[in-house]
Amino acid sequence: GFAKVDHHRSLRTGMPEVIYAKGKTSNQVARIFLSLTASGVNVLATRATREQYEAVKQVEPRAEFHEIAACITLNQKGDPTQTGIIGVVCAGTSDLPVAEEAAVTAELMGNRVERIVDVGVAGLHRLLSQHSRLQEASVLIVCAGMEGALPSVVGGLVGVPVIAVPTSVGYGASFSGLAALLGMLNSCSPNVTVVNIDNGFGAAYVATLINRRQSS
Amino acid sequence: GFAKVDHHRSLRTGMPEVIYAKGKTSNQVARIFLSLTASGVNVLATRATREQYEAVKQVEPRAEFHEIAACITLNQKGDPTQTGIIGVVCAGTSDLPVAEEAAVTAELMGNRVERIVDVGVAGLHRLLSQHSRLQEASVLIVCAGMEGALPSVVGGLVGVPVIAVPTSVGYGASFSGLAALLGMLNSCSPNVTVVNIDNGFGAAYVATLINRRQSS
Amino acid sequence: GFAKVDHHRSLRTGMPEVIYAKGKTSNQVARIFLSLTASGVNVLATRATREQYEAVKQVEPRAEFHEIAACITLNQKGDPTQTGIIGVVCAGTSDLPVAEEAAVTAELMGNRVERIVDVGVAGLHRLLSQHSRLQEASVLIVCAGMEGALPSVVGGLVGVPVIAVPTSVGYGASFSGLAALLGMLNSCSPNVTVVNIDNGFGAAYVATLINRRQSS
Amino acid sequence: GFAKVDHHRSLRTGMPEVIYAKGKTSNQVARIFLSLTASGVNVLATRATREQYEAVKQVEPRAEFHEIAACITLNQKGDPTQTGIIGVVCAGTSDLPVAEEAAVTAELMGNRVERIVDVGVAGLHRLLSQHSRLQEASVLIVCAGMEGALPSVVGGLVGVPVIAVPTSVGYGASFSGLAALLGMLNSCSPNVTVVNIDNGFGAAYVATLINRRQSS
Amino acid sequence: GFAKVDHHRSLRTGMPEVIYAKGKTSNQVARIFLSLTASGVNVLATRATREQYEAVKQVEPRAEFHEIAACITLNQKGDPTQTGIIGVVCAGTSDLPVAEEAAVTAELMGNRVERIVDVGVAGLHRLLSQHSRLQEASVLIVCAGMEGALPSVVGGLVGVPVIAVPTSVGYGASFSGLAALLGMLNSCSPNVTVVNIDNGFGAAYVATLINRRQSS
Amino acid sequence: GFAKVDHHRSLRTGMPEVIYAKGKTSNQVARIFLSLTASGVNVLATRATREQYEAVKQVEPRAEFHEIAACITLNQKGDPTQTGIIGVVCAGTSDLPVAEEAAVTAELMGNRVERIVDVGVAGLHRLLSQHSRLQEASVLIVCAGMEGALPSVVGGLVGVPVIAVPTSVGYGASFSGLAALLGMLNSCSPNVTVVNIDNGFGAAYVATLINRRQSS
Amino acid sequence: GFAKVDHHRSLRTGMPEVIYAKGKTSNQVARIFLSLTASGVNVLATRATREQYEAVKQVEPRAEFHEIAACITLNQKGDPTQTGIIGVVCAGTSDLPVAEEAAVTAELMGNRVERIVDVGVAGLHRLLSQHSRLQEASVLIVCAGMEGALPSVVGGLVGVPVIAVPTSVGYGASFSGLAALLGMLNSCSPNVTVVNIDNGFGAAYVATLINRRQSS
Amino acid sequence: GFAKVDHHRSLRTGMPEVIYAKGKTSNQVARIFLSLTASGVNVLATRATREQYEAVKQVEPRAEFHEIAACITLNQKGDPTQTGIIGVVCAGTSDLPVAEEAAVTAELMGNRVERIVDVGVAGLHRLLSQHSRLQEASVLIVCAGMEGALPSVVGGLVGVPVIAVPTSVGYGASFSGLAALLGMLNSCSPNVTVVNIDNGFGAAYVATLINRRQSS
């Protein structure tokens, strides 16, 4: 038969333990959170409510809550260990929760993170004025809802991988992020890849793997 | 009862007679074309083949064929009568047939037309270098396939109406223009409206109505 | 690099400052609203609740609430400055919120607005009895849910641009406005362009740009 | 067990035997056609090619071909037996194949049929000029592609059942008849029911059942 | 111009006045209801709540509430006037609200109605035991959710028109009635036509028009 | 690491080697076919053309072609070895290719197969007259296109598993088998499971696994 | 006519009576539940709430509630009667409600059930360490949301039928289970068949029919 | 204004010039190809036919054709310059064209490429036997059609980024790659990102950017 070896571990090396808090009770989140802190790794709960955070804080007072990101974090590892920068870009305030989920996740994974917000494509000068900051990043996470055009434009301005995160921001024919998702998959910038709608966490995970390569 | 008054005529005033050639035999196109020339108006056949053009030329030697636009035209009215300019913008060579259908139609409707091609959003400098030409237009027709991001970007650079034409250019998740269509409908530039996939003709029609207003 | 010039400004000239109130707290809306009033321009908040309005009124007593349109407005500019008329047409009472968002927006943008309601295509006499009013408009905004047939019929009765707004009114196979959207995109009236489902604001924006041309 | 009684027969009383010719060889169509003529009923083959017709004519010289309808018929019953009229309405020449499939089927089923063509909703005067003919019908079949708005408008002009047939005419966002289908299902005229895209045959079948009731 | 003649009236002759109560306040429903009773016709409110009914009863004590159908009715015309029977068929208890909307509407429109429930296709004996009742109907309304197979089976058992009503009953891949809708549109029984998902009212309207023909 | 053990083999025991011939050249099919015959197992090529068969026959004269099933088979194992019967049911001639793919596959896998065709739900008597044959089967494969209602009805008549195969037969709103697929997934008969559109092979594979259990 | 014989009964032999509790009042569920207990069979209510259970317990104290499965059961038959094992497999805690609905249903239907959880495909060692337990099952029910890949992988490891249950677990492009459903229908493991999204009950029903065959 | 600076160039550094050959004439491809060779960079034409290659060879005899990849390449740069390995993984022969497009592109971009084919998830032992080769890669490109499960499984076995390429391989409910695309977007392996259906080129482009980082 097959031995029960945790091959998954190689992947997770240095990554925080992660809880998807949505649909779990405050009690469940607190209990799981506590159990994960033991080994000294960082711990992250995404899609968390303030109520869940209060329960976590009871059992682990060092835990922090990130309101907009809806994340609970415990950083036991300290400062960034990657030398490269992950840029997290988004168009407007509505995309912030997704962008912040990505940024908070990336920070907890040991990356230096630069946030570049309010740079929607309908006001190009705002994006262009951030051109040098965009070019300093080793990898970019670009979050956008509605027509999801931002990753294509950003992709054309930089020479590094762009991870596009469609958000469910919009109404009507945005179909809860489908329009943005399709747009990003059809990006004419060849340095763009895509993750699931609103999946800031997944984008940060891959960006971390990419960012690590530079510092090795 | 209702009198049989041609209220549609008011709309068509000064517009060419139009034939949708697709699915019609060369013979049918030639016959209809000829019958429409009588009253002295301009005549346009869209989605036409060279073979259909040859048949038309037999009966109306003044007819011209526009290869890329797939249009047959007869211009009995002469030079542009509108003072404003209709800008026809597209990203790459694949979108040219749709852009040219729009441009040829707009010209035959008496407009001055400026073509601005090869300005895809993944290479922003190309678009920005056309900034002054974009700003000279009274109305813009922007054709784009794949992610369809161009109208949003153009819309942010100008202060006039932008008519977005999604094209069926692309493959896979472009779903024959659906991705571009949805993107354009969700444009964050508020000066953007949308017509059907590949409908260069319809875009030119509305652009003409808008352009006429300036000269009145 | 690129200079940070606000090219967007040319577009916005004379337009009100706009807040998309949905998902914002009353407090946030009030704060943003107040900050926008300073420069003397008109201010508009769409998708607003009465509760948000109460908060705005605390800080800006001149603000008005438009119940059906779900809009908060501050008019610091006074009466219409455009000579042309924007006609806002809809079929029934269910489409009124979208039509009113369009009408209130257009008025605040300095247009004269004519409302033509209760003219669904299933009772053609009602629409036909408004024929002369339809023909007085410089541009028409036509809102319709369900099968979304109204813009095609109106489009055939007038010689000006028609901006079609599909609404999410309906049930079952209306798929929250998709049926109306597809219908409008396939309109056989060539003077029809389309905006996003329920996007009365966007329709008014483009209609204003078109209406301005006449008066120039 | 269940007795093998042909309850289906009651339904078919007086109806022709029908062959769906698409995908069958000329030989197969001819053989089936011949076998059905024996009992003296009318025979109908829909979606038939001229080549299939030639094969049928070899074995049954009385068979007729209807080019536009793509139907082969054998009428062994003679003139119409229903007193009521089935009106078959369509917008333009592209919808004619579907409308003719309906008309030819209805005629072979013993109905008097009135064809009302070229009455698209974008030119309302054409439809209104046919108002009295519309009102003479006992039941109406209305075929339309693109936005599929015609049944709603016709439905509002008459007091009889309207059977709407979406056609696959159109391009882009018509999605091969889907736009028209959804439009018709959401018709605001309550006397409208719908059959499958391009299903002229099915519409004629139901119209015949309805028309029969008057004469009973 | 066009005279303002109410051509719609011919259609509505003998039909009740109808209110779509969903989304209206109790107060609005009561006010509209009362205004419609004046002319002596029957009045119907569909998609109504008990709360709305209480408001109506205040102003019109003769009004009745039909719990399952979610309908408020006022019958000022008395007993059925049609001789033919409308059969209203459905599979299980979940489809009852739609079936009852159809039945209550049909009764108020002056038809004799036979309800045939609990005859889902997975237990054929139940349907077959109702065979003679099915055959007594002049027209059948068949409501079904999930796979929507019932109209096809019923259609094969009778020789009259079958109006199929897909219901939103089901979960998962029923996609809120889409599966049933598509099934019904593709029915291999040629006597089937289809209305919108959950549209019991529309089915009853057309069934009434058909049923009237017999008695004329 | 993981040892390279062919765990898949346990599944395939006694199953034929299978080639999906579509998209392969005649030459490729012949070569692969020959290579698979060596070990003495049965060999099956599905979605095969007569031309591919001719190539196979050159190298393996014992191979047989099944025209309707579009299958090439080599039976080196002889007669059925299962005692139970697999019933293969379909509605009409259009579904035959899928039904035959299932039947030929099941036979080559050593099952006794009963074909029950021409039993569409719109003519229930035909199905009911086969009731006893249906009940003799140990497992049923039911193929249907269009509305895909047959598996639900058959499922209600028997006490064994029903494997439903949606076929791409139909047009318009059948969307190449999607309507049938959705219908079957929503079957109200709880003994129904579903495979991919047109997947007669997969249905036969699972039916064989089920049929084997009886004989063990 | 057709005699009213309950042919459905043959199918149900030995199966519990089942109530779909969703949308029913506690009172209704209790009343139906009690009425079904009389004949001595097992009784099952799926999609039930604790509140509904409390009502049932009032009238039938022996009833049990299964929190995660959301099922109420009454077991009047005692221990498993099948010799074969039904394996119920799922990836993570989010899929547990569906897996438990399947497991509880299968147990009440007299099967021995083995639960194999927390074996998602992204951590293959967890699945492989369960290899021998997988191979002991006579039939497997595999529940998975998100990409729905588990049935394909499990299918390749065993030689018995796999019934795949897509779950609505996931977000964004999972489209409430559609992604998992499509994945499972396209499984490259030929021993996989599929039921509706979240339909643990249906999967257990078919698995029971298959499992019974072994013991006969 | 904006200066016309080629910011795109930074991105393209060291990348080949690329032609999308589909829809272009042999003549056009040859002409463009030749013009791009001048500067000494590598040149790539994707989606190319042998006929197009023959035309290219006329003007540039050093060009090579890759039959399965459908690519024309000119390598003027010589051997790989990256030290890391890009693994290109696919399930079966049908996915080879996409996998080869990725592999050929990656090689031309200076990467060492390892091909790992015939490792579909339904036969896990084949994939597991390649475990060490998988772990040697710096980044993986995983191509899969049908259910698209391979990237999730591979993602769980490695600690590097996985770029998933859905292919249009499959039939029926694969909907030309949509099933695979959705599956990959919902991957439960967090190291997975996705590109457009059949976009082997795009995957190789991003993989190259990632692979470069290690060697820097």
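Observations
By letter and in written order, the chains are A, B, C, D, E, F, G and H; residue numbering begins at 1 in each of them.
Methods note: contacts are C-beta pairs under 8 Å (C-beta built on N, C-alpha and C of every residue); 3 or more make two chains touch, one makes a residue touch a chain.
Predicted model, so just to flag it, every value in this text is computed and none were measured.
Of all chains, the one whose Cα centroid sits at the greatest distance from that of chain C is F. Distance between Cα centroids is largest for the pairing of chain A with D. As a whole-number value, the distance joining the C-alpha centres of chain B and chain G reads 57 Å. Averaged C-alpha coordinates put the centre of chain C at 36 Å from the centre of chain E.
Computed centre separation for the pair chain F/chain G is 26 angstrom, with centres defined by C-alpha atoms.
Taken residue by residue, chain C touches two or more other chains at 2-3, 7-8, 122-124, 128, 131, 155-157, 172-174, 178, 181, 185-186, 196-197, whereas all remaining positions touch fewer. Those residues of chain B that touch chain H in the complex are listed here as 94, 122-126, 128-129, 131-132, 171-174. Touching chain C in their complex are the following residues of chain E: 1-8, 23, 166, 168, 176-178, 181, 196-199.
The part of chain G that touches chain F in the complex is made up of residues 2, 7-8, 10-13, 128, 131, 135, 138, 155-161, 163, 181, 185-186, 190-197, 201-203, 205-206, 209-210, 213-214, 216. Those residues of chain E that touch chain F in the complex are listed here as 91-92, 120-124, 128, 145-149, 152-153, 155-157, 170, 172-175, 178-180, 182-189.
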